[in-house]
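Beneath this line is the structure, given in structure tokens, with notes to follow.
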């Protein structure tokens, strides 16, 4: 543990926060410097400030609105479907121990499979539209929600289930008043992971399959040597990923603290 | 048989020829046969070696578990399949809901029963005050110590105004000093509510100081090998340890229990 | 016995779905299981395939070595220096959620085409989980273990080898297992964009020239390899965890 600190009266959490901010700002400034002084060649990378300006311009000019909407709707759909399917399947599997044991190796290996190999299959099945992209997002994100659901349901303390009988609750009441609230932190983690995976799956799919959206925008800009646009879009994707996941993480931490798990 | 029927109607709860065998490839005869009455307003403790079936006894009496043979009654009505109205249970593990504040935890049963808000508020306020939780009414269980969380569970049971309170080693996870103080609170609760109390405990001193009667169980399958009447006055607290009678009771409990405890360990070793 | 039957049932279900997809979508989308296995057999018994496989495995070996070494080293460092670890952990978690695809153009611009790009792809995919798992393992060492080491008058090196290393080993193995799969994924994707050799290249080439048979067969070979490798590492993972539990719980 670090003894003391430079700023007396500043809590450790605050110091960590400020240090992190300083590191991020420092890295961005360093990148800016390296690009401006051409240590990093302009053909390789443009300064972060130029990226930001270009992004602002693209948004203001409405040039990427369609792409943003397309990606957002794909991610949103994939997220919603995988959360619902993941929860339902997870609850089902958790309740059937034999099925669970049989499926376990499958789930454990799920993320070892390079899913992009199925892209052409999905295109052939669904056509050259948004469905293959949503499908990839769902395939990526559902197991994460399943695993989190199973973990949450596993961890409902047995004594609380006994309590449900003491209070003479019906099965439905038990699920609503005891099982779900007890499993809530794990379910929320599943939500957070599902979003991250749906986002990654959709963007990766757009990049590889050329169907529109931000991922495709990046690939197209790269191939057309439009560096500014390419980096602007990358910045956007970066900011959205960090922003949404960061927000969900903070919320998750707050819930955990209330339960004494922090 | 008629004298039994009379006895049944006086007793608050009865167990007659109750056994409990857990089914399976090798069935486990966990409990019984048990024959015991709990009188109205009595404080009855059960002690015994580990694995003797004390918790099973509580489960059967509460209706959480069905006896394999025999029958159970509460207020002259048979107990089967579900927990009867008027019976409250406090478990050894922390059963407070981590997602509710202390206040909402205590109000839980009342709100579910559809009690109207003013009466709920009144009862919850009383129970929280009674259990010394007023300063923590809006805290979450995670912010409280183990003893306080157990008080939340007791308060939650208290508001439902149970006529029979079953406690399964409620203070098992607490240190000795806290246990003694919680014992005093339990006695206060008992006197205030006029309920009958069944306390399962492995601590002989606790059973000796709190109870009107103590049942000593044998090693598995548990049957009662001794029933000790303490004869304490109703107005008592933990300072009863200085009464010479306390030593006598504890000594008698241990002399009955020692051989059984050794059997239980010998079986496990 | 039941476990084996259940696994076979799952396998049968997968094959059935595969056959069903083939029946529905036809040869333009996917090759039937039978033809795929036949063609895969052909590939595996002829030299050209192994040339590509070797290229992939070489890149994969480099990437895995870097991910593992750098990942464990950084993870240990950040775990031991608690303040740095607390600062870095959310940042690493954020990096994990960024779609790495979006970094591919940068990688290509920095590393050019060829082996170093492939290895770089593999590393950016696989290193972060190794760091995160190692970090968590070190953070979660029960303090009582360290106090015990001091009470037993162990010297620092002895403590590190006999107490710390076994204590963190299970979680590090889990991190390596996850890192293994992701590094492989990264290398394959790198081959798709940055190379004329390797299994990833075979797949993307097959896609572009509509050689469905080739794509399906190579994909299946890769998937089978990935699943078996993961399965082996999972078995190792479980053994290490049980051994750890036995040692720690007594």
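We call the chains A, B and C, going by the order they appear; numbering starts again at 1 in every chain.
Keep this in mind: a residue touches a chain if its C-beta (ideal position, glycine included) is under 8 Å from a C-beta of that chain, and two chains touch if they have at least 3 such contacts.
Fair warning: this is a prediction, and the values are worked out from it, not measured in the lab.
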Checklist entry - Of the chains shown, whose Cα mean is nearest the mean of all protein Cα atoms? => result A
Checklist entry - Based on CA centres, what chain would you say lies at the far end from chain C? => result B
Checklist entry - Distance from the CA centroid of chain A to that of chain C, rounded to the nearest Å? => result 19
Next on the checklist: Between chain A and chain B, what distance separates the C-alpha centroids? Give it in angstrom.
Outcome noted: 49
Next on the checklist: As a quick test, compute the distance in whole Å between the mean CA positions of chain B and chain C.
Outcome noted: 54
Checklist outcome for this item: Where chain C touches two or more other chains simultaneously, the residues are none
Checklist entry - What residues on chain B touch chain A, complex-wise? => result 62, 64, 82-83, 87-89, 91-95, 97-100, 108-109, 112, 140-143
Item to check | Sites on chain C touched by chain A in the complex | outcome: 2-3, 6-7, 9-10, 21, 24-25, 28-30, 82-83, 86-87, 90-91, 93-94, 96-106, 108-110, 178, 180-182, 184-185, 188-189, 192, 203, 207, 212, 215, 218-219, 222-223, 226-227, 229-231, 234
Checklist entry - What does chain A use to touch chain C in their complex? => result 1-2, 15-16, 19-20, 23-24, 43-45, 98, 101-103, 105-106, 108-109, 111-114, 116-121, 123-125, 196, 199-200, 203-204, 207-208, 215, 218-219, 222, 230, 233-234, 237-238, 241-242, 245-246, 249
Item to check | In the complex with chain B, residue positions of chain A that touch it | outcome: 157-160, 162-163, 165-169, 173, 177-178, 181-182, 184, 258-261
